[in-house]
Amino acid sequence: MVQARVAVAGVGNNISALVQGVRYYEGRSAGEDPELPGIRRPVIGALRPHDVEFVAAYDVSPAKIGLDVADAILAGKNNYPRLDVTLPATGVCVEPGIREHDPDADVRRVTESLRRSGAEVLVYSLPTGLQWAATAYATAAAAAGVALVNCTPELVSRDQRMLDAFVAAGVPVLGDDLASHFGASIVHRSLLALLRERGITLDQTYQINIGGNEDFRNLREHGESKKASKLNAIAQDGLSLDRVDIIPSGGYVAGLRDQKVAYVSLDGIGWAGTPVNLELRLRVQDSSNAAGVIIDLVRIAVAARRIGLKGFVPAAAALLKSPPDGHGAYSQSAVNTSFEELDAAAESRSAAE
Amino acid sequence: MVQARVAVAGVGNNISALVQGVRYYEGRSAGEDPELPGIRRPVIGALRPHDVEFVAAYDVSPAKIGLDVADAILAGKNNYPRLDVTLPATGVCVEPGIREHDPDADVRRVTESLRRSGAEVLVYSLPTGLQWAATAYATAAAAAGVALVNCTPELVSRDQRMLDAFVAAGVPVLGDDLASHFGASIVHRSLLALLRERGITLDQTYQINIGGNEDFRNLREHGESKKASKLNAIAQDGLSLDRVDIIPSGGYVAGLRDQKVAYVSLDGIGWAGTPVNLELRLRVQDSSNAAGVIIDLVRIAVAARRIGLKGFVPAAAALLKSPPDGHGAYSQSAVNTSFEELDAAAESRSAAE
Amino acid sequence: MVQARVAVAGVGNNISALVQGVRYYEGRSAGEDPELPGIRRPVIGALRPHDVEFVAAYDVSPAKIGLDVADAILAGKNNYPRLDVTLPATGVCVEPGIREHDPDADVRRVTESLRRSGAEVLVYSLPTGLQWAATAYATAAAAAGVALVNCTPELVSRDQRMLDAFVAAGVPVLGDDLASHFGASIVHRSLLALLRERGITLDQTYQINIGGNEDFRNLREHGESKKASKLNAIAQDGLSLDRVDIIPSGGYVAGLRDQKVAYVSLDGIGWAGTPVNLELRLRVQDSSNAAGVIIDLVRIAVAARRIGLKGFVPAAAALLKSPPDGHGAYSQSAVNTSFEELDAAAESRSAAE
Amino acid sequence: MVQARVAVAGVGNNISALVQGVRYYEGRSAGEDPELPGIRRPVIGALRPHDVEFVAAYDVSPAKIGLDVADAILAGKNNYPRLDVTLPATGVCVEPGIREHDPDADVRRVTESLRRSGAEVLVYSLPTGLQWAATAYATAAAAAGVALVNCTPELVSRDQRMLDAFVAAGVPVLGDDLASHFGASIVHRSLLALLRERGITLDQTYQINIGGNEDFRNLREHGESKKASKLNAIAQDGLSLDRVDIIPSGGYVAGLRDQKVAYVSLDGIGWAGTPVNLELRLRVQDSSNAAGVIIDLVRIAVAARRIGLKGFVPAAAALLKSPPDGHGAYSQSAVNTSFEELDAAAESRSAAE
């Protein structure tokens, strides 16, 4: 299988996790071990997790520009752990990213660079909150005929004009906002659903998250939109949100580095008013939680682009917090069909070769 | 609605929770508050949780025999909390239970007593491990034409001869072994399923339970069958049980009284081999966890008996750890249909009145 | 023993805990039970915890002004729980407190009111951060010849001019800032000391606090000074503070109401670099933690005033975060001697009566 | 400094931790890093943690006999982790240990072997409960003029005849029973003391331990003596033990391997009866907890033997659960003096060289 050719915008912890992880799975696939720990779907459209080649990278940090991607992922404020994998130079240097003060020229430059690189997909992974940047990179990707994966809550796939641009360009756009691989929201949501299913009445519940990467500094101050999104993530029938407190960032805890710790507390009322209490601590590698989902979105985007799909691809719906038209628009069977389409096309092409 | 007439065998913590809880819901239903906290199904076959009258009780403890049920539930080694409800005398005294050394005479005596009491259902709730007692009480119930709810893992509904006896008697038998209302097994199982669904590889997990009632003394010594049953409860596709340690009773902790505390730990492997860790503490009122399920089984049994159903009733399947023929034999739609049958019959009778 | 005559400035949760708690201990002392749960020192200068009479109260909240103290403590944003005690009207109504725009007139009014009330001590317990208010109430107290207990970090006993004013007035002044009765800082500090004593090297540690009273809203935004104070509280020989993260308020969690939850995590390095990990959750009633210390300070202040002591009283040193001249100025034996002086004087007076 | 020459009886996890740890500290001392993480006392009698040479080893396991010590520590049921250190062959093979059926001949053989090896100290570290074996090895050590460290609760230093034998042989004997480096008992004890010091009344507390090494299998069945010893360890003035539940082994959890997890729960009563709750999880490497103490005992024993001390050495008192005559017999100043004696003698000898 020809490797997926991937460009990245923003060379932060998520991309560090992605780049190192691809090497990790490459190492495992070379051995006899058939297992791929931490992988949801071993093959998507004939692509395995390590069938990825990085062909371009953009960032505005002087600490990263000009470095080989293999070095840039360990530079600046990045603090994802250095995994026990070899990291040979990729031969691809970080180019200056799009800057706010003169985006148009930069967009043209990045468009040209994407074309030259032969990238099939661009992963947009800047810090949360930069709508102008998301729009700029999406514009460049569409212009270059490159698919886009939007990891952030910025509006791209839900922006009709942007979506139209990708459809017109004949390439996929997958967004917005990564659903975490295994995070506090999904655990919290599952436990609340279980409580309800068993007939335990919710009294009070809270969730508080802390971490030691730059996200947790930002979130502490600008957590309101994240809070709403997290409340959305656990919302469900019969849950009164006034019994729920969510704190997206309780604070920046330097010692945790790229780890994230969530505390979840549930107080329920059982038979005859007697109490049910559940206290939980979840610790994850924050950027692994992103990379474990990005790897699926990248493979969906590339596989879809190779068979001429454009716009949003239903297979991606469950991997995103905010797909266009919301989750309700994509049934489980539509998602399954979409995956089968990608796999079948890849197989028939492989048979033809 | 005519109240369900209930007899109980074994006046331990579970029955204390049941009797006090019935008063609790009676109190709430009198008020304006339409909510029934801790109740899975407000109405079953027209019966609400407080539509229960206790008409007979059996126990071998000298500390309980001869006491009014309202007093007996607080006597002996019982340590379920005294809830904040009024507990008027029921007018029903605890009669001597069936003893092992001469069960036949006692079975005849209890059969006669059940008939006189007008009981519609007998709740069998002795300590785990007394197969002879389960058989004896079931024999008496069948002989008296009274339905049976078997709260214990002893074989009754799964014993073909016993099941035949109830069918012959024309009354329901619901068993075996209560599924907990909200317990460590269901939480553990849900989290393992979630881990798997998200593509996190299980590394190791354990569950340990402690409590301060008599069960925890027994279980510490005789926990092997309970361990197997708990492993069953969390077993699922793709879970290798050699990665799972379950300790049904880590020990008897007097200070917890009738509370049960479970510690659950999960270590998973996420993207690129990075760790995912979840630590959880669950605290519940142990006997509330039983009573919250008994109340549904009692109402199913009585509603079913009133419309002439006999043998096992599918509506009960999800409330039991070991229904006859296993859970696989009862689809969700069969369960729903069974509930609808009970409700519809009650409605049409009520319309006829 | 004549009851201590107490005035309060600020009728918030702390005063609710104080007023209700005094009734609680009154109830217990009437019975046969000789134990006083939650009390560090049953008798101070012949005063027991319930030997307290409230004689004046000041607040600026329209929701509280004019109410009897027994009602005001349950009004406004106060959310300390309503304990299971009788709360007869005190006969004392909340008077308007000192306002910032015209403090001088208000100081004169409160001075006069304090004199009329016969108060022996004024407990200053406004929200943290209002230095002008602390100074104004202290001025009024000194002018009225009333002792002062300063519960907040505002400068009073550490302000030489203020201290001089109380010495000149011949009455005690006890401050500043309550040490918590049993809180995260003291637990964290103890565990860090233990780690060190045993030869375990600290790797990283953090502490995060959440709660549902107004303090936690304030602290989330203005937590820097609190953070410094908390770092001080755990500082000790051989502890490098760059391994410590403290978050005084991770956020406001409405569901916790007046409860405070602290999470403490310690990672240490043991023999041969192998890890030691300790995770802890502490839950306390926040304002009980204050009232349990205020009751001792009030008794020290009144007992000291009755025997003519003025300025700071060493018996109070361990109950405050910032006594004048720091903790180093008060040896354990000086503290003990001070308590003995209070007790002996009370005894000799009682013998004389 | 001439290295301490150490023999070991029982080549289990504790010895694996000891042998690997000595290599670990050797590695660190070679570098520039002056810190010794996890070490209570960097130098004892001029001996650093890595100044240890293993000269003889005894075990009855066929899986270990005949192997070089460096291999034997990883064999059989041992499951202490393989640390990231080089483990060159020691040149010392495990010899057959003393067997129960014919101890006398074996004692003679081991005595002879100890003499030939030039060992200065024998570390007795067999599974708990084998008094005959402790006596046999102690007899051999005394006969060979070798000091003894008894890691187990078996009676050796508290057995007057045995103590006399070591005094007669002119060598030290240090025992009985290792105090853990950093374990649940010391943490539990400290928190209970803190609770009391602050005036919080203890309501209920429990401690439960689980682990995945062979000790936890044994303890589950034979935990009564351990329970008593653990209750002793937390006993203190004013603590009513009927409010305390201790479970030394809640069970064997294979997945934890040589790790030990303790859960500690404290419920206290604060001001006005309001609750204080503390929940804690402690995870340690079980055998590191032993080796971190053995290294100090070995150095005390060797340093003491080199200057002609015999019998028990007070410097060891705080490192043992049951020193002869109990802890009360050794004041802190006596312990300090003992350490100073060892250090001073070593210094003067070093100056003389």
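For the reader, a short list of remarks on this structure follows.
Residue numbering begins at 1 within each chain, and the chains themselves are lettered A, B, C and D in the order written.
Everything below uses one rule, namely that a residue touches a chain if its C-beta (ideal position, glycine included) is under 8 Å from a C-beta of that chain, and two chains touch if they have at least 3 such contacts.
The structure presented is a predicted model; accordingly, all values stated were derived computationally and were not measured.
Between chain A and chain D, the least number of touch steps comes to 2. Within the list C-D, A-B or B-D, A-C finds its counterpart interface, over half of the contact pairs alike by residue number, in B-D. Centre-to-centre spacing of chain C and chain D amounts to 45 Å, using the average Cα coordinate of each chain. The geometric centre of chain B is 49 Å away from that of chain C, both derived from CA atoms.
Shared interface positions of chain C, i.e. residues touching 2 or more other chains, are given as 279, 281.
Interchain contacts (touch definition given at top) occur between A-B, A-C, B-D, C-D. Residues of chain A touching chain C in their complex: 204-206, 208, 210, 243-245, 247, 250-256, 261, 263, 265, 267, 279, 281.
For chain D in complex with chain C, the residues that touch the partner chain are 17, 20-21, 24-25, 35, 37-41, 81, 83, 85, 181-182, 186-187, 190-191, 194-195, 198-201, 268-285, 288-289, 291-292, 295.
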